[in-house]
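Below, subunit A partners subunit B and then partners subunit C, in two separate complexes.
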Partner chain A sequence: MMNSNLQSHSKIFKIALLGNPNSGKTAIFNLLTKLRHKVSNYPGVTVEQKMGIVKLNNGRLAELLDLPGTYSLTPESLDEKIVAEEVTKWVHGIHRPDAIISVVDASNLSRNLYLTTQLTDLGIPVVMALNMMDLVKSGTVDHHQLSEKLGIHAAIPMSAKEKWGVNHLLDGLWKVLESPPPDCSFMIPLNIPAIVSTTLEPLTSIFKENFQYSPRLAVAQALRVITRNSALELYRKIIQTLPGLDDNLFEKLIDTRGEIIGQIESLNYSHRILEATLRYAMIDDMVKSIQPDNEKILKQVTRSEKADRILTHKWLGPAIFISIMYIIFHSVFTLATIPMDWIDESIHKIGDIILRTMGPGMLRDLLVDGVFGGVGAILVFLPQILILVFFLSMLEDSGYMARVAFLLDRFMTKVGLHGRSALPLISGYACAIPGIMASRTIDSWKERLITILILPLMSCSARLPVYSLLIGAFIPAKLLFGFISLQGFTLVTMYILGTVVAFILAWIFSKFIPIQGKSSFVMEMPPYRIPIMGSVFHQVFTRAKLFLKNAGQIILAISIVLWFIASFPSSPNSVNGNHVEDSYAGKIGKIIEPVIKPLGFDWKIGIGLVTSFAAREVMVSTLATLYSVDNGENSIVHLSSSLVKDINIHTGKQRYDVLFALSLMVFYVFAAQCMATFAIVKVETNSWKWPIFMICYMSMLAYGASFLVYQGGRLLGF
Partner chain B sequence: MSEKLTIAQLSPGDSAKIVGFSGPTELQSRLVEMGFLPGVLIRLINQSAFGGPFQLKIRDYYVSLRKIDTENIIVEKLI
Partner chain C sequence: MEFQEIIALVFGILALLFVIKKLVLQFIRPGSDPKCEKCIESHNRFSRK
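Up next is the complex of A and B:
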């Protein structure tokens, strides 16, 4: 007795969180785990499984698994397939959770209950979180009646946004974990016509006899596998991995399914809609007593609908979207100047202090030139990156991105993409990697693949330091037409260049990639909401942390190594200038120089192109280190003025000019430089073919475009 | 009795009752899972530019569908 008590006490409970997209699942996950995770108001944001730890009300800990949002356990897109696969494993005893929290948007009850009714068939205790109670017009939902009718342990009204009800949810959760509710797996809640039941019997009995399913689950699975082939496919893997199952079982399932579909159709039922029709008959009956007047609900005009009259208006909508994007990129450049100047000054001040307090020597040179010169040059750009991430998170969290998908779907399908490509592509402006992950919500493989292939052409925030440095140094701070800043305009042009070429390539790829696939666009438009600032700042903070971690590790390491190879061998003859040119680094740059000379780049840029394979922004720290080492005086150089003042002693002219700056920026728009991106593409496409293809096409594009800019510009006399 | 139309034939602001589906059946599973069933009411909100998707209200939520798919949902307009 004592022993079993101890054992049960040490058991870590497993809880799974499931719900529709936009039901507030991730917000509840954050509240329960107190860990912050990215929340967003866009269907399909939880594209990976996330694990957190929950502290239950009696102090016990439990593992909480957050799965992607799904409308049904019969999968359509990749993120839904992830959920369906996981759930299929559970019913076969693999990673089976002790309880499921079914998150339901109480303001959109019937559609959300669809998934809940599927979950109740699994034989795993279900606790329902009736979320978004703050949006329920009448203020209440009869949750006792609801939980009784659904046969679930508890339905707990709550609001993740207003942060109430979480404790009740934890209470409810503990109750089912402590004393699991009685088994009701013999009661089939669906009202299935007798003739249909009989027809399904061969499938039902396979599930009962070969898989040991309960009668309730067997019927549910029989209905599910006849709905979509994807539901049947889930069993291929299960049959292969589970021991003791006949290999021919899958063939048997296929054959039986085929026969039954024929019989169902001959009874004048459609196999594709049978499960959903039966479930909704039950749900609508249940909800009727809770929400009596459907017509009144239909006529209600929500605040979001009023906003959509303008924001998704045929002509105003696209115009507003373009203006928003323009303002965001433009303000990245203008808003960031003050904090950037402040960081710049601070770094110089600290560098000066080191110069004054430390005695001269190699260590001081390494610290000032390598560390402060290199890493400091990068830190200056942190505000720009954070401002961009801030705006993009605000957009995503507000619910606007679903409208962007709506506005752009027609255009996107014309160029071989999908309305749902809009969010991945726009998040690519911050970083390609989350963008590539977010493409999982696109249901057709071809459109998803093309989205992934062109995504690195969306200028990510790691390119911003390079653009900003070159624009600040070489583009005059003039006004166009008296009100548009030429510098801001140049920056926006780089973004537009990448984006437009991305769309052209998408169109070309769609013509040549021989994959057939149908796609659809059934996309929920979530209500607009004021972004949860905590979540937005969390994203900004995460990006800052990543950037600083990069700066503190990769960029620091590269800067130190670079300082050594740029400082040695130190030839006594070249004290005044030309010091770096004779170093090891200079020699490496000189080897590359002939290849990149037609683009207007010299050996210094060549070194930067090599080092920026680690991360694009390393170009900036590399140049800063090179100039710091080269600088005879002992102080941190000002990188942009060093670039402008750099004189080529052979020609006596400025080494770098506007044309060079444009050529290098264009090179950065297209070049394949981020190893992490290709690693993730390898994972997501499950082959080396596509990442290698990406590196090839991007490199050719970068070289070709820079060549055109530089040589074309020279021909035109610049 | 009112005449049978497809959602694509409705004008913004029109309310209608779903009668059934026509055409290819692939998308029907998803539509029905999302609550598009005979007898359910919908209201058309707007259409995106250049023949883009339609936005409509069904049950308690708003959803968008491509024009080609709205042509396969048969409705009865409510007066």
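Up next is the complex of A and C:
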């Protein structure tokens, strides 16, 4: 007895968190686990399972599994498939949780209850987190009646945003875990017509006899399986995995499903919407009794809807979107000036201190020219990257991104993409990798693949230091039409160039990629809200950490290696002290030079292009290291002025000019350089074919475009 | 060899080994990149059959 008590006490409970997209699931997950996963006001932010540990109110620990948001257990997109597969496993006793937290958006009860009613069929205790109660007038939802009518164990009103109700949720959970109800197999509350019930009988019998489902679950699964083929497909793996099942069972399920669909259609019911029709009839009745004001609420025009009349207007909407993006990219260039100068000065001061305190020698030169010269040059651009991430996070958290997806859907469809491609593509302005992962919310494989293929063309934040360096050095700081900064305009042009070419290529790919498949665009418009600054700053902090980690690891290591190969063999007799040209680095650059000369690049840029394969921003630290080593004065150089003043000793002319800067920027817009991106494309497409194709097309595009800019410019006399 | 040269060479060798390790890992274990730490996990779930 004592032993069994000990065993039960040491058991770690498993709890699953499920809910509609944008119902605040991840916010609740963070509150319960004290973790800081990304939350956002956009449906589909969670695209993979996350695990955390919850401390229950009595001190016991439980594992909490956060699954991607889904509207139902019938899988449509890839992230919904994860949920449906996981739930099907639970039904068969694999990784079955002890309880489910069903997260429901209280301000949108009818739609959110659909999933909850499906979860109640599983026979697993359900506790409802009635979230977003801060958006609902007090007393408008009778949560006691709601839990009673649904047959769930508790419905806990709460607000993850205002951080209240969490303790009640933990209490409710503990009650269910401590004394689980003996039997959850009560009869299905759906009002199914007798004739439909009889028609479904052969399928329900298969589920009852072969899988030992309860009558309620058997009916629910029969309804789901006839709705979508994807629901039936879930059983293929289950039948292969579970022992003792007839190998022909899947074929039997297919045949029976086909027959029943025919009969259902002959009864003038549509098999595709049968489950939805029956469930919504039940939910509507329920909501009427627990939320009498529901009709009135539905008829009210919310502030969000009023705002949408302008922000999603046919003409005004796109104009506002373009203006917002322009302001963001322009601000990145202008707002960051002061913190950038401050970082630059600090790095130079540290360099001076090292020069004053250390005796002359190889280590001092390495620290000043390689470490602080190289890494310092890249750290200067941190404020620009953080400002960009700050604005993008603000947009996402405000709910505006869902409107952008809606606005762009028609255009996206024309070029072979999908409305849901909008967020991954805009995320690509910060970094392509999370963008590629976010493309999982796109149902059709073809549309998802095209999104992945064009995503690296959206200029990521790693290109920003390269653009900023070249613009700052070569583009005059003057105003166009008296109010548009030419430097800011050039930066925006680089972003637009990448985006426009990405759309053109998407259209071309859609014509040549033979995979069939198009998905419809259904997306929830979340209400606008003031962004949660904690969440926004958390994202900015995460990006800063990643940038500094990169700078402190790979960029530092490359700068050190580069310092060595740029400093040796030392040639005291080199002309004008330009000994880098005679060094190993110079020799490598000279080998590459003939290939890149038509683009206006020389051996120094050649070295930068090679090191950029580790990370694009390494181009800046590479040039900084080369100029620092070349500089005989033993101090950290100002990179942009070094670029402008660099004279080619062989020709006596300025080495770099505006045309070179434009050519190099265009090269960076299109070039395939980020290894991490190709690694994730390989992972997400499960094939080498697509990353290799991506490297090939991007490299050809970069070379061709850069060649056109440089040679075209020269022909025109620039 | 001077003290500064020895330390600088140690840094150089360590940096070179780090760069090589990063490059090799990138190809043989794509998920090892900190930017896509979830790659392997998600790969298992999202593999297209």
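Rule of thumb we're sticking to: the second predicted complex is superposed on the first by the 706 of 718 C-alpha atoms of A that agree within 3 Å, B and C clash if a C-alpha of one lies under 4 Å from a C-alpha of the other, contacts with A are read in each partner's own complex, and residues count from 1 in each chain.
The rule we apply is simple: contacts are C-beta pairs under 8 Å (C-beta built on N, C-alpha and C of every residue); 3 or more make two chains touch, one makes a residue touch a chain.
Predicted model, so just to flag it, every value in this text is computed and none were measured.
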Query raised in the report: Of the partners subunit B and subunit C, which touch A:679 in the superposed model: first, second, both, neither?
Result: second
Query raised in the report: Of the two partner chains, subunit B (first) and subunit C (second), which one does A:308 touch, if any: first, second, both, or neither?
Result: first
Requested in this report: Name the contact category of A:445: first (subunit B only), second (subunit C only), both, or neither.
Outcome: second
Query raised in the report: In the superposed arrangement, which partner chain does A:195 touch: subunit B (first), subunit C (second), both, or neither?
Result: neither
Requested in this report: Could you say whether A:318 touches subunit B, subunit C, both of them, or neither, answering first, second, both or neither?
Outcome: first
Query raised in the report: Does subunit B (first) or subunit C (second) touch A:272, or do both, or does neither?
Result: first
Requested in this report: Could you say whether A:110 touches subunit B, subunit C, both of them, or neither, answering first, second, both or neither?
Outcome: first
**Report entry** Broader residue contact with subunit A after superposition on the shared chain, subunit B or subunit C
**Finding:** B
Report summary line: Interface with subunit B, subunit A side, in the complex: residues 71-72, 74, 76, 107-111, 114, 227-228, 270, 272-273, 276-277, 280, 294-295, 297-299, 302, 304-305, 308-309, 312-315, 317-318, 405-407, 409-411, 419, 518, 520-525
Requested in this report: Enumerate the contact residues on subunit B facing subunit A in the complex.
Outcome: 15, 21, 25-35, 37, 40-43, 45-53, 55, 57, 59-66, 69
**Report entry** Partner subunit A, residues of subunit C touching it in the complex
**Finding:** 2-5, 7-8, 11-12, 14-16, 18-19, 22-23, 26, 30-31, 33-36, 38-43, 45-48
**Report entry** Interface residues, subunit A side, partner subunit C - complex
**Finding:** 48-49, 78, 82, 359, 361-364, 366, 431, 433, 437, 440, 445, 546, 549, 553-554, 556-558, 560-561, 563-564, 614, 675-676, 679-680, 682-686
